[in-house]
Structure formats: structure tokens, C-alpha cells
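Following are the structures in question.
Two complexes follow with subunit A in common, the first pairing it with subunit B and the second with subunit C.
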Partner chain A sequence: MAKAFRASAGIMLAPAVTLIGVFVLVPMLLTVWLSFQDWSTQTPFSEANFVGLGNFQEIFGATSVGRDFKAALFNTAIYTALSVILILPLSVVLGLMVYQRDVAGGTALRTVLFSTYMVPMIAVALVWSKLYSPSEGPFNQLLGLIGISPQPWLSSPRSALVSIVLLNVWQQVGYFTVLAIAGLTQIPGSLYEAATLDGANRREQFRFITLPLLRRTLLFSAVIAIINAVQVFEPVALITQGGPVGSTNVLTYHIRRVGIERAQGGLGSAMAVMLMLSLIVCVSALFAFVNRKDSE
Partner chain B sequence: MSTARSLSRKRPSGRKALLATAMLLVAVASAFPLAWMVLSSLKTPAETMQVPPVWIPHTPSFEAYEKVAGVINVGRSMWNSLVIASVTTAGILVTSMMAGYAFAKYSFPGRSLLFSVLIATMFLPPIVTLIPLYRMVGSMGLSASLAGIIVPNLANAFGIFLMRQFIAGVPDELIDAARMDGASELLILYKIVAPSVAPAIAALALFAFVYHWNSYLWPLTVLQGNADAYPIVISLSRLLSYNRGAVNTGLVMAGATLAVLPPLILFVFLQRFFVDSIVGSAIKG
Partner chain C sequence: MSLAWLSKLTVAAGLVALPATGWAQSVNISYLTHWSPETVALLEAAAKDFSKQNPDVAITVRAVPFGDLLTTLRSQGGSSDGPTIGGIYDLWLPELAKDKLVAPAPEAVAGEVKSAWPAGVVSAASVGGTLYGIPNEIDVYALNYNKELFKAAGISAPPRTWAEFKDAAAKLTDKDKGQQGFGMINSWAAGVVHPFASLLVSNGGNLVKDGKPALDSSQAGETFALYEDLIKSGASNPAMATADANTTGPFLDNFVSGKTGMIIMANWWESALKTGMGDKFANVATAPIPVGPSGDKPHSISYSWMTVVNAKAGAAEQKAAWQFLAWLNSPKSGRNGASAMSDILMSMGILPSRTSDIEAHKDKLGSEFLSGYVSVLADARPFPVVLGGQEFSESLQQTLEALQYGQVSAKDAQANAEADATSILERAAK
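So, the complex of A and B:
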């Protein structure tokens, strides 16, 4: 019987394992291999020439290749940090708004918030590029109503990256709100009851019950938010093309430009490997931080 | 939860008013960009250029939609999107159910290692594999075609993970009884397991469909300018460059509205499944 199941397991797993193996794991290993090669994306893999750490020296070097990559890495780090810093607290606040029962309409609010997550990023980028329009765009018009001078939004190197963060937060926050609600439903009501009997007010209950018990949920949210943030592509590709003055040149856009459009497959792969390593370091650090908090 | 509710009923009403106002503001902020998109798509070109902006079009017109049809092949693009999203989704359902069943109900050597390796790919940003994948798909003769977009996405880790979580909850007795009757494993999966996890299958189907309807980076890379195979999200980018600098706001908004409608309509009717599966993926792990 056990042997028969082993054969069935093989049959059941074959399609998924083959597909993921061929189209995810093999390309991932190829990326690592190509990062040590001089290779043009327009030639077969067999044309690659081993160059050791040459590509890595170049992308961290003083030439324009190095400058552009380091700037893209920096932009991506800023973009990711800002996204996480905005999304996590917002998701908790909005989650509490949906979850509370003092005022009706929580579920309707959840629907509205989550609906933006269904909108293709390309449409989000198009619509927001018009919302941000300095002269006839509604954002500056609304700011004018409360006496704030018009902002340059996407057209200034100082504000372009932040403007893209904002449209990304708008699109994704509903998803993270649903995650936060899932976390909130896991907290036993008896804890709040006991805290109230002990005389804890709402703020203390949030600080000492809600927040610590949401830690696991927030860790999961942070990991997903980071992975999503490094994937930002459409608004940059469509609207800013990395500008103005390289201020929105982020890694996904930059790696594609180098590795596909300029066909510098080796260099692009080295950049992709650095992105992967940075992600592993960030996520491991997050886990270590939360685990240390847990043991306190 | 019920106690938290009953305790909070004693709160003063000023707090409630504040909360209700905050909720309303959040809802308006969240809905505003899409509302503005639809309204702008109905404006006349002159209205879209006006300063201060016109909020509600005086005489709503479908002129912009007609113009969109003149710039891009809307029917063809929508059809391409539909083919990409539905074929990919069908593939994901089959591969995820089979693998999810194996991981949930069989024990075999290396099970947890294999599962960990597959799940790890869930956290891999697509850009990391884009360059070699582009070359591989090209050497398979699939570049610039719908097949090139679809084939690499026919299985994914999220689907396997979700199916394993839900299939693990199907009672072993049900499966054993069918085995006694001599049913094959594939038949059991189809006749016994699938109906028991129907809501999860619906959730996965919707998720996959919307994700691949919206997907941009991979189709853009594979298609290399073959406009016949463009899904609607890629055709949209042509609207922005058309007539650049001049009056194209209405055009862009009309195109965006067309692309947004299918996933949004699916969501409105089936949002319960979306939310359930997100919650399932977050807290069942």
C-alpha cells in the first residue's frame, strides 16, 4: 500500500514540480551562474565566459554602471522602507476601524479598501499620473482648498519617488488591512475583558494586548510588503522612466533595462543576485528581531 | 470578541461620531481615484483640460471610448487577456490541487524538504529570474506568443500551499472509503477531495485570474512588441504615448476603466472568497 502511494505521490507532484523546477528553480540557478559570466542576453548560454567576480566589481565600481546600480539599490531601499513604514501602521489602524463594532459599516469599508488591490498596477499608474498633474490635476486643486501651495509630485527629483510610494500604498493597503483583521480575530476577547476588570483603558489595552499579539501578523505583513515593494515597475516604466534625474530608477526597472533592453545579461544577473541577497538579509534580520522580542 | 463588543457599547457618542467621520474619510480617499477615473473618461476633451478641474462632466459622452477603439484593438486585447488569465488559472488549479493533495495526504521521503523548497519560491521576486527565463522561453520558440506568457506560469507555490492547507482538513476516512471501492487516486481527487474544498478552489481561481489579468512585467518582456498578442494592460501603455502632451486624459481614463472593469466586477461578486483565502494563507501557516 505504502509503495503504491509513493508512485501516486510521484504522479501527483510531477506537473507542479516539473514546471516550478524548469521555470523558477533553474532560472534562479542560472541567474547565480550568469552573475559570474560575461554574457549577452541575445546569445545562447553556451556563449558565456567566466569572469569571476568581475560583474560584481563593475556594479559596485566607480564607472557609470556602478553609479547607476548603487543609486538604484539606494532608491529601492528608500522606497521599500517608506512603503513598510506607511503600510504597517495604516493596516493596523484601518484593521481596527473595520473590526470594531461601535459604528456600523466596517465590512463595507473593507470592501472599498480591498477593491483597490484588484486594480491593475498599470491603470493605477495611469490614473495617478493624471491625479498628480501639476496644473489641472485634482490633488493640487484639493491642496489649494486648504491653503497649501501646488506640489511638483512626479516632476521633481525630490518628490517623485515618494509620489510613487503613495500610489503604491493606496493600492496595497487594503490587502494588508485584511491581514491585520485576520490577526485581530485571533486575539481572545477574554484578554480584553480581564484587562478592563484590571482597570486598563483603551490605549493600555492596545499597547499591552493588541500590539504584542499582532507581532506575528505584522512580521508576515512586513515580509510581504518588502517583497512587493522591490517589484515596483509599472509606474516607473510607464510614467517616469526612472527620472527625473534618476530619482525613481528602482532595481526591477534598472535590472530589466540592463539585462533585457541593453542585453547585458551577466551584469543584470549580478544585480539580480545582489537584490536576492539584500532580501535574504532584510528578512532574516526581521525574523531575528521579532524572535528576540518574543523571548523577552 | 463578543465581550469586547458589549464593553465598548458604553462609550460616549462623541467618540462614535469621530470614528464614523474617520471611516467615511478613509472610504472616500480609497474610492476617489477610481471614481475620478470613471468620471474623467466621460468628459469632453475640453473639460479634461480645464483649470480648475471639472469634477462632474456636464454632458457625459462616450467619445473617449470610441477614440480608444481607434488607437488600440480593444476586442483583441481583451480576448488576449482573457486567454492568458483563464488558461493560466486552469493550469494553476490542476497542478496545485494535485501537488497539494500529495503534500497533504501522502507521506514520502523528502516531503518536508521538497515542500520548503517549493514554498521558498513564493518569496522570489520575478525580476530575479527574468533574464535567464526570457532567454529560455526564447530558445523554446515561445517568445512573442501567448504560449510564452502562459507556460512558465502554469504552476506556483502559493496555489500548492493554499491547496495543501485546505486538503489537509478533508477527513482521511472519506478518502479511505473511496479507495476501498477501488477508485483511482486521480478520481478520488476529482470526486471526493475537490468538492470538499470548493471554496478554496474558487478563491485560488479568482486570485490567479486577477493576478494574471493584471500582470505586466512578464508579458511586456516576452512579447517584444508583437502587438497582436498584447493583453489589455500592455495596450494601455500605447494610449499614454498616443498624442503625448496634447489632450489624452479622457482617452487614458477610458482605457484604464476598460482594463479595471473585469477584475473589479469579479471582486464585487466574489469578494468573500478573496478575503477568506488571504486570511487562510496568513493564519493557517
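So, the complex of A and C:
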């Protein structure tokens, strides 16, 4: 009986497992295999030459290849960290504001917040590149009204990456606010009533009820925010092309330049493998941290 | 001849004629370019004219931003469904030819090109003696300056030497007005590297000599130091220098709005300047590149563009593509003995490279703006077309931008640029 059940389960699972295998696992394994080869993306796989760890040595080496890769990895890490640090607290604050039933226009506010997520990136890029314009940009004009000197925004290596992060936060925060609201709806109202009876104020209720019970939602949001941030490509390709001085050259954009524009498929694959490993380490560390907190 | 034989012959003749008439297959070819919508409309009109004479050939034109052109060619050019024709920058040719993405020109086309274009332009469209594309435009760099700002600063003539250049840049700088003397460019490889290379060759140096980087020369050291001086003195402000994927952005905005006194730029910029400046375009003048302390006379950097055919396209598509390109670049397709391609190029202020086209457009090439470019063409040095050239260019861009933002000294920038170039060109040559 159990054997028959296992066989039928296997048959039922086979189509999905085959599809995942062909479209997810095979490309991933192929990328790993290519990372050990010297291969031009314009030639067949049969022309790839095994170079062992040569590509990895090169991307961590002292030449321009290594320097550019390490800088792109660093930029991606900074972009990801800043995005997550800004998006998560903002989404909780906005979620709390929108979730308050006694606030008029909550639904309208929720729609407005989510609408930024639906705007195509090309439109966002066009508008934001003008908003950031150092000479005629509205941001600098607004700063001028309150006596702050014009900022270079995208024109300086010091502020360009942060400017791209702000654009990302603006676009994504609505989506994460909706996730936070979904988490808030799962918290039983009776807990707040009991806390109020016990004399807990709003701040204490937030610290000892809302935040701990939002942990799972925040974990999910953090994982999605990290994955989205690591994959950033469009604003860089559309607005800065990785400049100035490579300050916005993030890994996905750099891999595209190396792997497609320069056709250095082996090097590009080695970079993609490192990006994948970094992502796995980050997400695993996050899960381990939250699980440890849960056990405590 | 009997009636039966006559009818058999008629049927046979009909069968022979059928493939050429009723059974003729239409050929669809596509043309990938980075031109603006206005210029694409001119190319589409020319393609329509060609299709009138060749009803079996249908041509579609597709445009992508300059920053995406090479990637599109690389990612789609490897398939038979990719663009049949592509407009490419000569620096990309060696690697596209090595990867067999572009087809060698048929003998008849190669013969025509070799006889009708200057030898230097033909060599830039060839790899190992094989011609791969039909050259169309040639671009050269010169100093552009704003006559109104020069007058206001009390400068009577464009600078001829680096000393005069630095002096003019200082006089034109007015921080209170947000005005810079000399505008550098960043975030765009060619925009960063070509003006630097033009100053370098005007100082007697080279980027690459005999296939090896020559950035460790004293002439290169002086050029890096010139950039450092301009930045340190405040005569050039890197925050006003950013370009976007369409090679426009703040650097262009600052020049057209009269906040930049001088810039080193190519002739194709004419259309962007006219669009941005309107009547004030009359304020723009052109002069040769100022000569450095180690230079003999003004030189500048030139480069060319060509149209190539996808080597993976079907035989019929390749044949139709070469037929269209040969027509588009021939004196039969344009006005007054010019080619249709040269008419399109001249609409953007771009110099055509076919000898007969230069003659046909003599009047317009004599305009105040373009004549300055035509005059420096004879002493221009072609940008080195070598394997790994694009990566070399992007690496030098990074170094120059680091120098612009004060992240490295001129001395370190020179050492980094030479070391990077050596490793890139050596790896590419393997």
C-alpha cells in the first residue's frame, strides 16, 4: 500500500520536479561548471577550456578584473544593507499608520503606497534622473528654499549609490508595507486589550507585542528585500551605467558587462557563482539568527 | 512547330518563370542602430526607397540606446533571427570578427569599398586584411567653446597651447555662477577617454604603440597632470560631467545652458547642440586641440563607424543585406551624387567617409561648426583598434574618473592605467 502510494506520489511530482530540474537546477549547475572554464559566450560550450580555479583567482586578484569585481561586490553589499535597513522600519511605521482603523483615508493611503511598486522602472528612472539633476533638479531647488546648498546626488561617487538606494526605497516600500499590514492583521486584538488593562502604553505594546509577533513577517520581508536588492540592475543600467568612478557598479550590471558585452563567459559565471554564494550565506545567516531568537 | 509542342513549351517556360515571379520568396532583414527617432525615420525612408526597387526585400529598423548597442549585438547577433545589419563602432570589430558574429564582405562589395573609401578608413573596417563592414561615418575630436563666455571673460581667441588652455579655463570659471572653464565627461567610456586621448596625441604621446600600451611615457604623465591641475584649480568640476545611457545628461545640459566654457567633443554632437541650444548654437565655435609642451602641432583622435552583416543570418538575408548596404552607401541612392547614408549622417552633423560623399557635401562641410572638424581630420590619429580595446577603454575611463574626483594623484593614475592596460591587452591577445 505504502509502495503504491509512493509510486503514485512520484508520478504526480515528476512533472514539477522535471520542470524545476530543467529550468532551475540545470542552468545553476551549468553556471557553476562554466565558472571553472575559459569560455566566450559567443562560442559553443564544447569550446570551453577547463582552467580550474583560474577565474576565481582572477576575480579576487590585483588586476583591473579583480579590482572591479571586488568594488562591485562591495557596492552590492552596501546597496543591499542600506535598502534593507531603510525599507523594513519604514514599512512597519507606514504599516502601523495605515492599519489604524481610526485614521481616515487609510485605504486610499494603502493604494497610494502600493502604486509606486507598480510604476515601471523605466518611468521611475526617467523622472528620478531629472529630480536629481544637480543644476535644474527639483530636489536641489527645494533644498535651496531652506538654505541648503545644491547636492551632487548622482554626479558624485560619494552620493550616487545612496541616491539609487533612495529611489529603490521609494519604489519598494509600498510593497513591504502591504506585507507588514498582512503581518499586523495576524496579531490578535485581545493581546492589545489585555496589555491596555495591564497599563501598558502604546510604546510598550509595540515593543512587547507587535514587534515580537511580527518577527516572521519581518524575516520574510528581509529575505525578499535582500534578494530584490542583490538583483538591482535597471536603475543602474538606465541612469548611471555604474558610474561615476564605478560607485554604482553593482554585481548584476558588472556581470552583464563582463559576460555579455566582453563575452568573457567564464569570468562572468565565476562572478555569478560568488553572487549566489553570498546570497545563500546572507539568507542562511538571517534564518539562523531568527531561529536562535525564537529558541531563546 | 505543332500546337502540342507550342503548348508544352509555354508550360515549361511558365514553370521556369514561376520561381522568379509568383513563387518569389520575400526576404525580411532588420537593421540595428543607436540613432535617434528622427534619424531612424530618415533610414526608414531610404529603406522604403530600396524596397520600391526591390519589392522582395522588406527592411525593418530597430534602435537601442548607445549604451545597449554592443550588448544587443552580442546577445542577439549569434542567432539567425538576430539583427541582419548592425551599425558598429570600429573598436568592437576585432572581437566581433574573432567570435564570428560578423560576415566578411562579398568580393564585389570589398572591391567597391577599397576603391571608393580612404585607405585608413578601409583598414579600420578590416581585420587581418579581410573587410567586414561598409564604413559610413568618421568622427574626430576638436575643442568646442562658447564665444559669448569667451567674450565676457575677455579672451579674444581660442587657446592654442596648454598654457593658454589652462589660462582660458581659469578665466572662464566662475563658481558663484556655477560656471566651469573646461567640461570633462564621466560615466561614458568614449566620452571620458577620447578627449584625454586627443590631448595626449597633441602632446606627442600615444595610448597604444606597436600593439602595446604607451601610457608610461612622459607625454602621458604630462596629460594626467593637466587633468589634475584643471580639477585642483576648480576650472573643471566633475559634478557637472555626468552622462547617461544616451550620451546626454548634465555634461550636455551644462554646455548648452552656457555653464561650461570649453569641452573637447566630436562632430556628431552638432545635432544635440542644435536641439539643446536653438538660436544660441551660433555661440559655439570649433578650434583645434591645444598643443601640449611635448607636442609638435594639434592632433586629435578619430574613429569610424561601419555597418556589418550578421554572419549567422541565412544566405538570402545576408545577400539582401549586402545588396541594401551597397545601395545605401552608393552615389545612386542620395541627392546630388551623394549616398543616402551620407545624407542621413549629415543631418546629424556627422562626417561621411566615402570620398565621393565628402565632395558631394562640400558646401555643408564648410559650415562654421563642421569646417573646424574637417580641418583637423588630416592630422587626426585613429583610436587604436586592438583586441580588448573596449575593456581597455573602460578601464582607462575608471582611472580618469578616479583622477577627476581626486581619488588618485596624476602619478598613481598613470601607473594604474599602464598596469591595467598591459594586463588587459595581454589577456585579450592570448
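Side notes on the structure shown:
One rule holds for everything that comes next: the second predicted complex is superposed on the first by the 273 of 296 C-alpha atoms of A that agree within 3 Å, B and C clash if a C-alpha of one lies under 4 Å from a C-alpha of the other, contacts with A are read in each partner's own complex, and residues count from 1 in each chain.
Going forward, a residue touches a chain if its C-beta (ideal position, glycine included) is under 8 Å from a C-beta of that chain, and two chains touch if they have at least 3 such contacts.
Quick caveat, the model's predicted, so the values are computed rather than measured.
Of the two partner chains placed by superposition, only subunit B is touched by A:V178; subunit C is not.
In the superposed model, A:G243 makes contact with subunit C only, not with subunit B. More residues of subunit A are in touch with B than with the other of subunit B and subunit C. Legend: residue contacts after superposition of the two complexes on their common chain; A:R256 is shown touching both subunit B and subunit C. Once chain A of one complex is fitted onto chain A of the other, the partner contacts of A:W128 are limited to subunit B, with no touch recorded for subunit C. Contact with subunit C, but none with subunit B, is seen for A:S64 once the two complexes are overlaid on the shared chain.
By the touch criterion stated above, A:L213 is placed in contact with neither subunit B nor subunit C.
When the two structures are aligned on the shared chain, A:V119 is found in touch with subunit B, with no touch to subunit C.
In the superposition on chain A, contact is made by A:F45 with subunit B only, not with subunit C. Shared-chain residue A:P152: touches subunit C; no touch with subunit B. In the superposition on the C-alpha atoms of chain A, the part of subunit A touched by subunit B in one complex and by subunit C in the other spans residues 41, 129, 135-136, 237-239, 256, 260. Contacts from subunit C toward subunit A in the complex involve residues 67-68, 70-71, 74-75, 78, 95, 99-101, 178, 186-188, 238-242, 244-245, 249-250, 253-254, 257, 259, 390-391, 394-395, 398, 401-402, 404-405, 407, 419-420, 423-424. Residues 1-5, 7-9, 11, 15-16, 19-20, 22-23, 26-27, 29-31, 33-34, 36-37, 40, 48-53, 55, 94-96, 98-99, 101-102, 106-108, 114, 117-118, 121, 123-136, 139, 151-157, 160, 185-186, 189, 210, 213-214, 216-217, 220-221, 233-234, 236-237, 239-240, 249, 252-253, 255-256, 259-260, 263-264, 266-268, 271, 274-275, 278-279, 282-283 of subunit B are the ones that touch subunit A when the two sit in their complex. On subunit A, the positions that touch subunit C within their shared complex are 40-43, 63-65, 68, 129, 133-136, 152, 154-157, 237-246, 256-257, 260-263. Across the complex, subunit B is touched by residues 5-6, 8-9, 11-13, 15-17, 19-20, 23-28, 30-31, 34, 41, 44-45, 94, 97, 100-103, 105-106, 108-116, 118-124, 126-131, 135-138, 141, 170, 174-175, 178-179, 181-183, 185-186, 189-190, 192-193, 196, 217, 220, 223, 227, 230-231, 233-234, 237-239, 251-252, 255-256, 259-260, 265, 268-269, 272-273, 275-276, 279, 283 of subunit A.
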